[in-house]
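Each of the two complexes below includes chain A, the first together with chain B, the second together with chain C.
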Partner chain A sequence: MVNALVPETAERTPRARAVRSAVAGRVRHRRRQTVVAYLFLAPVLLFFAVFLLLPLGFALLLSTSRWSGFALGDIEPAGLDNFTGLFADGSTFLTPILTNTLLFALGTVALALTGSVLVATCIDRLRFQGVWRTLYFLPIVTTVVAVGNVWKYMYEPGGLVNGVLNAVGLDSVAFLADPDTALPSVVVVQAWASLGSAVLVLTAGLKSVPESYYEAAALDGAGPVTVFRRITLPLLRPSLLFVCVTQFLTGLQSFALITVMTRGGPGDATDVAALEMYRLAFGYGDWGTASAAAFVLFAVVLAITLAQLWWFRRTGEDA
Partner chain B sequence: MTRGRSTGRRGVPWLSYLVVATGAVLTVVPFCDMVMTSFKGPGEAGTLPYRFLPRAFDLANYRAAIRQLDLPALFRNSVAATALITASVLLTSSLAGYALAKLRFPGRDFVFRLVLATMMFPPFLFFVPHFLILVHWPLAGGNDLSGRGGAGLTVSIAALAVPFLVNGFGIFLTRQFMVAIPDEVLEAARIDGAGEFAVWWRIVVPQTKPVLVTLGLLTFVDAWNEYIWALLVSTANPDVMTLPVGIQLLQDHVDPARTTPIVMAGLVLSVLPVLLLFLLLQKYYVRGVMLSGLK
Partner chain C sequence: MTRPRRTDGPPDRRPPHGSPRPSRRHFVLALPAALLATGCAAPHRGTGRPGDPIVLTLLSHYASGELKEALRGPVDEWNATHDRVKVRTTAVEFTDLLTTFMVRQAAGQGADILHPYCLWNGQLVRAGVLRPAPAEHAEEIRRGYSAAAVGAASVGGRVYGYPTELQTYALYYNKRLLRAAGVDGPPRTWRELEETAYRTTRRDRYGNTLVQGFGLSTYDDSTTVGQTLALLNAAGGAFVSADGRSTGIDSPAGRAVFGLEDRLVARGASCPGVNVYRAFPSGQVAMVISAGWWTGSLRSQMGADYRDVGVAPLPLPEAGGTRATLCTGFMLGVNTASRHPREAWEFLRWLNTERTAAGKGAVATRMSALQVSAGSLTGRADDMRALLGAGGGKGAARDPNLRPFLDALAYAVPEPNVPGAQRAKSLLRTNIEALWTGRRSVEEALRLTRRQVDQEVARAW
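On to the complex of A and B.
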């Protein structure tokens, strides 16, 4: 660059010409790289424009409109009616639907987290960790239709779970048919299905705990419970946060399992927000209210995720 | 390094074995029940008292599943949609990942931040607008220019794949791995006269093969197992029905007492391909879940 700026007497020397053409070449190269880069990005940018920005805008428009779903010209502005309608007296959106959603997510996280901490700390002590992990992973690669139907069948009066209950002398339970037990029953399945990935993340977290910490604790005569509470748990914080946030996200928005197992029933005992949105739209053609419900759920998901991040940061000494 | 942390310290960790084995049994038993039920004869499934083993291992339910469900057609649709999605995600992610990792151009940071932002939006926000956009797609499936009159893109098998063709996480993942490729290698190829496309195809893609396998596998499994969107599209156009949707339909519409074994047989057949693929390429899949944690 400095050479390119020397006085014009140098212009005629071959060296200066070489430098100039190198600079011009670099500019040309830069420009060509920009063109190539945007060519490489073109499919992605086009996709995001048509299937991300356009739908978001469309959904926002619908959430503040009344529309029968036929001609785009029929979309009528409705202000915030769709939103207020969700929370009006007699609407089931707040209770039981949003409450169910929170209970479903909370129950899943609590079960999966407890189970995975237990299993991960135990697996860490065993040989053949890969084999165990494979077994715990099976539900993750299985379609929700298989998971849902197998468990639905296992919950039936003549199914495996009641078979076991009867074998040990207990009465049968109408798991999915009873409004009181339906939600906990699907929570168990959701937690069962997500245990493997949580175990994986926590096992990886455990491996990053230096062996010397355990040796030092052993020298000090610390028992297993103390070691777990004072060493394992604090050092596992990042992994726990990760599992917590991702499982909560999944729990708040997933409704495929519920669709397969109960379709929100009996009554609305297992109806969750995303399922209700789906039903409002594709069952009743109420696109406006459905879109409003989607945004309300989105706000809930965001708020809960941010709250978890904030809480973990506040209570963590190292963060 | 083999772990087995306390084996040296305190002998065999019996309690740990007990916990892990109990969990593993609870995980595997539903799969066993699925397989066992798929062999049960009429009146054997769902009757009291419960019996785990079938009276005979008869393949009748498998034959019935293939016939009643039209499994070949469902398989074909599932394979087509899954292949389309996986190929597209791999191609678009590695192209965009390369541009974001190794090319210098104005707007790069903005595009990268946009990609990260796309991962923030949950899928349920898009079910309604995506469906409406596909139905009203101009000049497709009998639609006029304003998107009215026909069924739009829902007539095509591509409708199953469209919302999943590009994946923000996939772009992010490939970019992170491509950043690690030394610039000198790419520069050397450019001096040898290779264009950017050749650099991408001959150097960058081969060097990032492991992460592409991981991404491909994650995408494949998700696409194969996808249910909600496929259900929507199949409701509009039954010709593109996929395996999960078809099997669920049979479950919902016929007498459950008689059809449960047939449904289980269909499920076994539909789960098998993914399970085999997972067992073969487990290492890559496990790494993918660790990287994404999206499940």
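On to the complex of A and C.
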């Protein structure tokens, strides 16, 4: 006898079975879609795994190990010794290497930013803007080795720069041979070489400033300095933020230009973190300390970038 | 009571006998391992089939120029006359040599025969890359080469390879500039060196150097560290102690060398910012200390003006002292990872010790003939005398300027090659440059070098 008062269980009704089957079908379909999606993503994921995650993990492992770079089986755990060694008494990593790195980046950003704002503003008022932008962009398509060598010859005692100084009655300056002038001399070259990309970004930023603002300011009788300070600069802020962050990142990781021009010398006057890391790893076979230095530099780069973003956001610019 | 068989869930897919089937996690772990294994697979070194020849790989820095051509000759000769063992050479630029050793070794693709700069020997031995020479080869090397060459190819008293080119340091001088300053001949003491340097120096009214009396240059390791260590050796000092665990730079000899260089820079006789390799051939440097390989470059760069170039033994602090100078060099050694070490050592013996007719009646080893043809020297003094006496080679052997370098083989001191030697050399260079640019005094530079080098050398052991 069937008890009619007992409700039918979900499993028993045909409708419930149909619902269950549909749900299972949807789950299977979604799972299949997920698999297909991952298959499409696989090349990119593999690329990131091989060229980003694997080296990152390996560098992390090395930063807490001792390794001469020759046999993978020779990696010995060293705890935090490599990190403490970097900041130990007598180590040159903090001073002058990290200090030089920061001064180099700061000097490059300051010079390149000021120069590019000036140049971009001038270009914005000229005819044949494309030609000017191309001219300023040319150093970007020139190899760093060529740029470094040309400037090196220009800085030499009998070079072009000293020739100009002598022509106006001034004594020669040993730009790259004097520890006091070597770093600023290289900073000038780096700023010059990176001016083109900054000018390109800033001229694009200037184009996006509505003309009506300038017309309104002109009607109110604002002078060019006031217009620049109150209209142009504030509206250029997103472009300035981009230029500032990217130039700082480039400056902190700079390697090639210094290698070509000074190789870190004279003494350690222009020695920077990236150059020192390269020497430690490939020259001295001290991969542990080199990896530890890389992570310290990463922390510095991250802290400075976050500080820049925070500062711009505080002043009203959403990054 | 037996456990009831589960019927409501997915079937248990575990295979019997408890051996788990590979899961997705296993695949994820296995993939990078497989990639690594593929990347690290051994290179082609012959088919391995019985009867097929063994192929030995030789990695050197003879990537271009005369040396590349010079090495090809004996290697081709070996390959033509030996059926069982063939040699294949690979070359990279010197600046990439250590990096290439490192990367290939880590990838399991290290060459059978390596040609390192002897400065790296300590580092390579500590990393287990170089195989000690078998007793009979070590004995042959000790017997056939100068003490400096053997020292350069040894670490901790153990020989690791056959020395190849050897560079001793001597004083290059411009005869015309010395004559113009009223100086008859090259200086023999440091006092004469200083006087000659001050007399030959000339500057224009803006302070630009027209002629440097003595070429101290921050251009590279050779111009900075090489000549400082040569002067240190001449003064009876040593950069690294006999046990290889500390530096001897902070000594009376070191103080004398740093003092001499400091005076030369301070009084304007030296201009460290100038590239001496360009300034000397242009007649803008009166004297400079450098290695023997430079004679070949100067000959081709200067043309007829090369007749103004003279070479003399390094001046000594005092007249009548014991001669000494620096020597640097390369060697051919066998990789610990080589699967055919016996064959590799046999090839090296054939290349470095078997004597053949080297032209114009001279009999010498293939390596010595090879080096002299490219304007360089080896640590085999008898070979060098035979080859230079015979006048073979492309102008090099007739060059009297090579003689002082050859004579120096008898008293040269090998460049220290302890583990950490490269780092120690860089630290010394940094401190020398700081001294030359007036950033540190003689005492500060010596003290700091000692502290930094001792710390680094100790770490490397």
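As a convention for this text, the second predicted complex is superposed on the first by the 273 of 319 C-alpha atoms of A that agree within 3 Å, B and C clash if a C-alpha of one lies under 4 Å from a C-alpha of the other, contacts with A are read in each partner's own complex, and residues count from 1 in each chain.
Rule of thumb we're sticking to: a contact is a pair of C-beta atoms (placed from the backbone, for glycine too) under 8 Å apart; a residue touches a chain by one contact, two chains touch by 3 or more.
Small disclaimer: the values here were computed from a predicted structure and weren't measured.
Once the two structures are superposed, chain B and chain C can be ranked by residues of chain A touched, with B on top. Of the two partner chains placed by superposition, chain B and chain C are both touched by A:282.
Legend: residue contacts after superposition of the two complexes on their common chain; A:267 is shown touching chain C, with no touch to chain B.
Once the two complexes are laid over each other on the shared chain, residue contacts for A:162 go to chain B and to chain C alike.
In the superposition on chain A, contact of A:90 is made with chain C only, not with chain B. In the superposition on chain A, contact is made by A:62 with chain B only, not with chain C. Legend: residue contacts after superposition of the two complexes on their common chain; A:76 is shown touching neither chain B nor chain C.
Residue contacts after overlaying the shared chain place A:54 against chain B and chain C alike. In the superposition on chain A, the residues of chain A contacted by chain B and by chain C overlap at 50, 54, 69-72, 156-158, 162, 166, 282.
Across the complex, chain A meets chain C through its residues 49-50, 54, 68-72, 74, 90, 92, 156-158, 162, 165-166, 170-172, 174, 176-179, 264-269, 271, 279, 282-286. In the complex of the two chains, the chain C residues touching chain A come out as 32, 35, 98-99, 101-102, 105-106, 123-124, 126-129, 206-209, 218, 271-274, 420, 422-423, 426, 429-431, 433-434, 436-437, 439-440, 451-452, 455.
Against chain A, in their complex, chain B makes its touches with residues 2-7, 9, 13, 15-17, 19-20, 23-24, 26-31, 33-34, 37, 45-52, 91-92, 95-96, 98-100, 103-106, 108, 111, 114-115, 118, 121-133, 136, 146-148, 162-163, 165-166, 171, 196-197, 200, 221, 224-225, 227-228, 231-232, 235, 243-245, 247-248, 251, 260, 263-264, 267, 270-271, 274-275, 278-279, 282, 285-286, 289-290, 293-295.
Every residue of chain A that touches chain B in the complex is listed here, in rising order: 30, 33-34, 36-38, 40-41, 43-45, 47-48, 50-52, 54-56, 58-59, 62, 69-72, 115, 118-119, 121-127, 129-130, 132-147, 149-151, 153-154, 156-160, 162-163, 166, 192, 194-197, 200-201, 204, 207, 211, 214, 218, 242-243, 246, 249-250, 253, 255-256, 259-260, 274, 277-278, 281-282, 287, 290-291, 294-295, 297-298, 301.
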